[in-house]
Amino acid sequence: MSVYYTSLDHFVLLPVLLLALFGCATLLFDFWVFPEAHQRKYLLIFLGLGEAFAGWAYWRQGAALAINGGEISAFHGAVVVDHFALFFHWIFLITTLVVGLISYRYLEVRDEHHGEYYGILMLAQCGMFFLASGNDLVTIFVGLETMAVSFYVLVGFLRAEQRSNEAALKYLLLGGLSSGFLAYGFSILYGIAGSTLLNDISKAVASRGHSDTILFLAIATTTVGLLFKIAAAPFHMWAPDVYEGAPTTITAFLAVGSKAASFALLMRVFASTLGSARSTWEPLLIAAAVLSMTIGNLAAITQTNTKRLLAYSSVNHAGYVLLGVIAGNNTGYKGVLIYLLVYTFMNLGAFLVLTSLTRKGLAGEDINDLRGLMKKSPGHALWMLIFLLSLAGIPPTAGFFGKYFIFLSLIETGHYVLAVLGCLYAAVAIYYYMRMVKAMFIETEEEETPALSTSFGTQVALVVTGVMTLVIGVYPEPFVRLAQQSFQR
Amino acid sequence: MLETGFFYAFAALTLIGAILTVTLRNAIHCAISLIGSLAGVAGLYLLQKAEFLFAVQIVLYIGGIMVLFLFVIMLVNLDAAARERQYHRHWLAAVICTVGSGALITWFLRQGSGTMHLGQSAPELPSAGNVEALSDVLFKQYLVPFELASVLLLVAVVGSVIMAKKRI
Amino acid sequence: MNFLDLIWLIPILPLCGAAIMLFFGRNLPKAAIRVISPGAVGLSFLLSLGAVLQLASLPEKVHQVILFQWLPLLHADMGYMLDPLSSVMILVVTGIGFLIHVYATGYMAHEHGPRHGGFYRFFGYLNLFVFFMLTLVLANNYPLLFVGWEGVGLCSYLLIGFYFNKKSAGDAGKKAFIVNRIGDAGFILGMFFLFQITGSLTFVDVNEALRSARFSPEVGVFGVLSLTALLLFVGATGKSAQIPLYVWLPDAMEGPTPVSALIHAATMVTAGVYMCARSNALFALTPETSHIVAAVGAATAIFAASIGLVQNDIKRVLAYSTVSQLGYMFVAVGVGAYWVGVFHLYTHAFFKALLFLGAGSVIHAVSGEQDMRKMGGLKDKIPVTFGTMFIASLAIAGIPGLAGFFSKDEILWQAWSSPLGSKVLWAVGFCTALMTAFYMWRLMFMTFYGEGRMDEHTKHHIHESPKSMTVPLMVLAAGSVCAGWIGMPKVFGENGFFQGLEHWLAPVFETGKEVAEHGAEHHDTSMEWVLMGLSIGAALSGIFLARHIYLKMKESDRPTGGALHPILYNKWYVDEIYDFLFVHGFSMRGGSLMAAFDRTVVDGGVNGTAWLTKMVSRISMWYDTWIVDGLVNLSAYTVRALSFPVRFFQTGFLQSYALVFIAGVFAMFGYFWWVR
Amino acid sequence: MQGHLLSVILFTPLAGLFLLLFIPKSQKTFIRLWANITAAVGFLVSLPLIIGFDRSNGGYQFVERAEWIPSLGVQYLIGVDGISVLMVMLTTIMGFLAIFSSWDSIKDREKEYYSMFLLQQTGMLGVFISMDFLLFYVFWEMVLVPMYFIIGVWGGPRKLYAAIKFFLYTLTGGVLMLLGILLLYFNYASQFGRYTFEIAELMKINLPLATQQWVFWAFFVGFAIKVPMFPFHTWLPDAHTEAPTAGSVILAAVLLKMGTYGFIRFSLPLLPKASSDQTIVTIVAVLSIIGILYGALVSLMQQDWKKLVAYSSVSHLGFCTLGIFALNQSGIAGSVIQQINHGISTGMLFLVVGVIYERRHTREIKEYGGLAHIMPNYAIVFAIAMLSSAGLPLLNGFVGEFTILQGAFDANRIWAAFAVLGVIFGAAYLLWLYQRTMLGEVTNEKNKGLPDLKWREWAVFVPLIIWAISIGVYPKPYFDILEKPVAQIVHRVHDTANAAAVPATPTPEVASR
Amino acid sequence: MLHPITTEHYLVLSAALLLIGTVGILLRRNAVVVMMSLELILNAVNINLVAFGKHLQQLNGQVFAIFIITVAVAEAAVGLGILIAVFRNKETVLVDEIDLLKW
């Protein structure tokens, strides 16, 4: 038996190997070296190191891409690193890092500080890697499940809490259902193409007619699975419950990391692989996008739980991003990338502030818990304001540029009705974001509550996400270029 | 034509087992029906000369997962649950949607079968060296998912331990 | 010293006075106010005199001073123009204005309260008024005239409402301002028409363009010109209190008496006449509008006179008399005898100001009482007042030799003889003359003759007014006698001085003059004599009738006028009709007209139209609250309301979620099945 | 420095805000002082602008250009022409006065308050000087947030409702406007092969009428809501009524002008065919007239002093939009001047309300009466404000109104006839307000002994009064400065319209206008 | 009856299994049975894969199926762990009694 892989293959897989290595190390060290609860925050070092090494590897990969151009494909095309994938890898990296940073105080407050948390966090990131880089149905599916299973565990991490259990159970069962459908779709795609490589599937799909029923069956079931993962209506039902029940830090991870990863996959599948069957899947996505914006907005309006509110808002955002995919031109895809980048920072930031609201004996998840935040902690309140404005898409915050590209691409491709609809929903969305702003700045606390639980890590993460939200809003040029470069077909 | 007979036998086993799984009241009976169904599927694998898969199905699935299920069923005393209402209230809507979807899937498959020559009976796969050939594919083309699967299983192990243990 | 180039100083001086009064007056002693305020007007008068004298020596009889460009897009400048017409006006305004200022220093001397109860404020307003009035008459273009026009309206508002703690005063001021604004709306539109027709709003250019028919053909159609003239006239009716916009003037008597004399008799109310005379080129081109003007003037004249017959409030009699006399002026303007209109304006200024001031002096004497039924027998107690008022009453009644006679007679003659005139106009004017004589002398007899009907306490306090009040009265009396001499009828013989006014004004009214001369040619002089005799007869009979009824007869014997009396007394129920139409149209549940009247007065509801406006605005507000806002809130509410059903799906039951999931799948499949 | 004058003007408030953040919360006086200094400096640095402005030049001046987002064709491109220079001056002056007037009235969370004001100042200035459409849009939306807080935090009893209504309305308009902008942007790119938001470049697009109409309506919604025009006006009374005095002043004086400015700067030159389309012009003009009359009528019935003034804004801005869509020199120039006038007059009226509100904490008209006895100076100031608002000649309101009416008359006599009615109503509701509050006997015991104007209040009013009179008496500089830019817009609209009309039907009517 | 068995037979069988599994998820209140139904669905996929593999004369389908089985194992393990955690806290495995999170 000859050696089937080369150093190039290694090079591509290096980041994920590093991450897995450090993830396992975390699990081991948790048992043997840091048995005491208060020591566990040192496990963050492993996370940091892992991410640093992975970042270094990404950086090297980027440099290699800059020289060679195009893509580096490894393991017989099963894994591919291109600018597009790298873009998402960086997003995952940032997300994991930030989530790790904000987690330890939160977990301490919730009395569930265990080393496994960080390990699984990094292993989930390994799964994400293959969602963005996978170029083979099997690889993608296993990667997806790695991420999903990690999330099932993380969502239920507050084992003593019924809500956390419940969220995990719901996520698992519904996730299993959706995985089943996705796998079913994959199986038919495999049947159609006779190969699990996306490139081969792409060719096979292109050679089939537009009204091919089997192709439709494959596309529809795949779409269902993907829409579930990005929490787009009508497959979003899990999101509010899971977001609410999960530890807030994991909600952030779920809302940002999982969603970005799923979108990476969705883009790869729809834009490249199924690109030629656009007429088949476009109506499905349009329906999903419109439903997502409608349901997300409407449901969020009267929501009083902030995590749930942001969950609905994330359903809404999924609708917006889908609009970019629907537009399907260069601007649209660029818009999706920018949107996801921006969304990473602003949503992480928003959840981060919510995380800080969780204090001993106070869940801090009700909208009234935000009251008087301006008095209590102006820094948090101001950053939160920026995140909310950005989520609402008001310039000069980053969120505006996300929406900008989406709208532009819709106009360029003549989807005027969707554009107007998107605009109107943007205005509706203001209402519930402003409810939070109102609570923070205008209303006052009814009774004295303990100070916010922050840590050095939280502060750093807050500043980073906040500054990035502002910087992308004020000077988006490099990021636009990055997105541009990331989506070169 | 022996194959046809076997197919129908295994198919019947699979489907009846599946139907019993979702209809029987007692969870243990469900589990046993599921074993039957899985065995039917395993038979189908064998029918298609997928011996390795057959082995995996028997050993891993029936031997591993189902034991786990039974274990859990024993652990969480389900007697009380078994006496209550068995189905969710919205059964009518659910049945309409599912049966409708199923019918449409079948319709799609039959419509499209012509373009993919699905209606022809597939030639036999070379039986000899099946496992070797399989490993060749597995470790060559699917090395990455194979390695990743180890990560997945690691997560699953750690995760189930975290979830199931009272204290860690 | 070249006064002609300093004509801009004429209005500016009173403005300075006003500024000093309003900004620093509080800290000035009364004596200083007494000097500065009339002094400013007096100086203006001297400047005006100098300027007019210099103007007389100019061959072209027009002098313009342009300070700076004001509204560039309308080619309107801050420009002043002195021509014969404005020269008459500035002399009247500054001259009579000065006298009234002097009078007011005495009249208002008893203002008490903090900071002299607004003594300084009064003079500030008065000076401001003079400034605006002078701007009005000296302007060289319509917009600037409009500045004065609005400004005098403002001052009128301020001065009517001078005793602003009285609600009726405030209401009257507001009524005046708003009614005037209605007229102004017409004026503004008229100006725009003029601008569109002639491309300019400067008097010289406009008149030039109109006379030479140099207007753009597509706008210069006949109807447009008439409409323009009519719109300007609407403006004039507002300011000069003609039907139907006269209602504000009687109420304006709420103001202090010098104000009534200056603004509501001598100057401001004549602005409409001045404006029409100014636009004579336009009116001359549109005879049908002139007919309307004449008809409205005549109707107003007789109508107001008839009301004046029975009023008991001394100032109200004079107010209706003013309305009536203004009607006369419009008759003159309407029949094309512009100079005659201006002539009557000029004579009227003297005797009507005198009458008002005299009335003020009377009121002053009887401690503020204005009801003539509570006066009487004042002849000997306040002789100067009596004497001067006697002259004025003769003048307004049209006794030969006095100012009123010449101007009124000339109007009647022109009404008869002008091609634009008619016998009917003459007849109406004639009746009005009769009535005028009657009500004026009714006033005289009730006030000065017979027994004193005031209570004892008041009787003791009756005293002649101070010098500062009586001297202006005397000067005005002299004016009432002599002012008419410069406009004697030609039948008396052609003489440069005695027909001076007509000649002086001739350059302004070139068109009008042609019309008038055209009329004169076709009527013989004998007819003029006959008519003159008739009008003298009317005046005398009016006086004697009044004497018979109010001096000789006992109160109980007096004819009540039967059914007519309440009608006249209630001013033809015009306020009530307005009320009926607009104010209480829907709430008249069997209440009598009188009750409605009371309510109006008590409520002080702005006026009829205001009610309509209010009603509409109520509807608007309702619409705004419930429909416009309601729709918005409804959509907001709908969105919110929709939120619950959407969230309702989120039951918390895992299998519901799965059901939705499968339903989504089913929908997708179904969609494709359907599309295929 | 001279080369970057506009940037200096633009960022002075922001710099002040930045430094303000370092002042500790407890140093209230210092915070106030610093905010006032910043605003005053903001005004002072804007003086060289008006001094150095070249009136004979109809184009943009003080232009600064820098790449901002090159890949999108977005530039930091700012400059002023005659129209915007006036708006900039209005903003710096009114901003300063508004901040100054808050000295005593804001006693809570000063630091945030002044920060919001300074931030808003930068936003508004940016709107008026942006020559890049996206830059414009960014500033446009940026203004919303501070105003939301100003109303929401320091406002009256229904502040939350008012604030969110304000925000939602204007944002909805804003995003639809964004769609219009993007449509233009895209069309430019497809015609010229590159992306740019530069307004001068966007003018070169040759768009068919139908597309222009779509863009026009998209813009229209955005601008009309901001103005606000008739059916979109309901946010205004609520926002005005609930906002703190200075907030109302800025809202009325500057914020609303962003809408009318948008019409003049963008709708007309960028969409000449649509803007001169008979149907569109008629619709907009009729809405304006309805706004004029409607606002006035509703004002008449108000029981709330501030709400009355707020509705009067609807009426006055109806004049402004009517003037704009008269599409001639008089109309547009008059409209710009009227916008400034409205800023001065209504600003003063709101300050007047603020003075009394600070003393009595109620805005019910019923509560007052006879205030002229107690506060004579206040009565005089109010009278001047009222008369200036009612359009009395020799005060500012007249100049604008009259010119607009003339322009409207030129465009369509019927419009002018209806609009003139608004002048009458204007006098009616203001005088009635004046009478109910200032005149008559003092009916309410609580009003006795109210102090008259303090020196600080005088200091706010006096410049405004002087300004009002100066415009009323000598408006020529304003007309001069507007002549060229307005003429350019008028030509652009009419030339394009004629160019389109001539081949089809060369009617004499069109030719004569 | 005795016609040759084609790929389509397998696909239809797979669809039927998918359907039964879905019904189980939708209707059974017992969470353990719901998880069993998930296994049914994954088995349906496996039937598909193996049938396609045979149809295409490849082993890839079988390999894919192995991975699916792996995934199924992982999901089942974690799922049962979560179920135990739920049961420990709530003393029930009936999914419609687990509805703390809603609306």
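By letter and in written order, the chains are A, B, C, D and E; residue numbering begins at 1 in each of them.
Methods note: a residue touches a chain if its C-beta (ideal position, glycine included) is under 8 Å from a C-beta of that chain, and two chains touch if they have at least 3 such contacts.
Remember, predicted model here, so these are calculated numbers, not experimental data.
Of all chains in the assembly, those touching chain B and also chain D are A, C. Using the average of C-alpha coordinates as each chain's centre, C ends up farthest from chain A.
Set side by side, C-E and A-D show the greater C-beta contact count at A-D.
Using mean Cα coordinates as chain centres, the one most removed from chain E is C.
Computed from the mean C-alpha positions, the centre of chain B lies at a distance of 6 Å from the centre of chain E. Chain A and chain E, compared by their mean Cα positions, are separated by 26 Å.
Centroids of chain B and chain C (each the mean of its C-alpha atoms) stand 102 Å apart.
Put simply, the C-alpha centre of chain A and that of chain B have 31 angstrom between them. Shown for chain C are the residues in touch with two or more other chains, namely 647, 650, 652-656, 658-659, 662-663, 665, 669, 672. Shared contact sites, meaning residues of chain E that touch two or more other chains, fall at 18, 21-22, 25-27, 29, 35, 55, 60, 63, 67, 70-71, 74-75, 78, 82-83, 85, 95-96, 98-102. Shared interface positions of chain D, defined as residues touching 2 or more other chains, are 168.
Pairwise, the chains that touch each other are A-B, A-C, A-D, A-E, B-C, B-E, C-D, C-E. Those residues of chain A whose C-beta lies close enough to touch chain C in the complex are 169-170, 173-174, 177-178, 181, 211, 213, 216-217, 220-221, 223-224, 228, 234-235, 237-238, 240-241, 280, 283-284, 287, 294-295, 298-303, 428, 431. Across the interface of their complex, chain E is touched by residues 1, 3-5, 7, 11, 14-15, 18-19, 21-22, 27, 30-31, 34, 37-38, 41, 44-45, 48-50, 52-53, 56-57, 60-61, 64-65, 68-69, 72-73, 75-76, 78, 81-82, 84-88, 90-91, 94-95, 97-99, 101-102, 105-106, 109-110, 113, 118-123, 125, 130, 133-134, 137-138, 141-142, 145, 149, 152-153, 155-157, 159-164, 166 of chain B.
Within the complex, the chain C residues that touch chain D are 22, 68-74, 78, 143, 146-147, 149-151, 154, 157, 161, 164-167, 170-171, 173-174, 177-178, 181-182, 184-185, 188-189, 192-193, 195-196, 218, 606, 610, 613-614, 616-618, 620-621, 624, 628-629, 632, 636. Chain E contributes residues 1-13, 15-24, 26-30, 32-33, 35-37, 39-40, 43, 46-47, 50-51, 53-55, 57, 59-60, 62-63, 65-67, 69-78, 80-85, 87-88, 92-94, 96 to its touches with chain B in the complex. By the touch criterion stated above, chain C contacts chain E in their complex at residues 647-648, 650-655, 658-659, 662.
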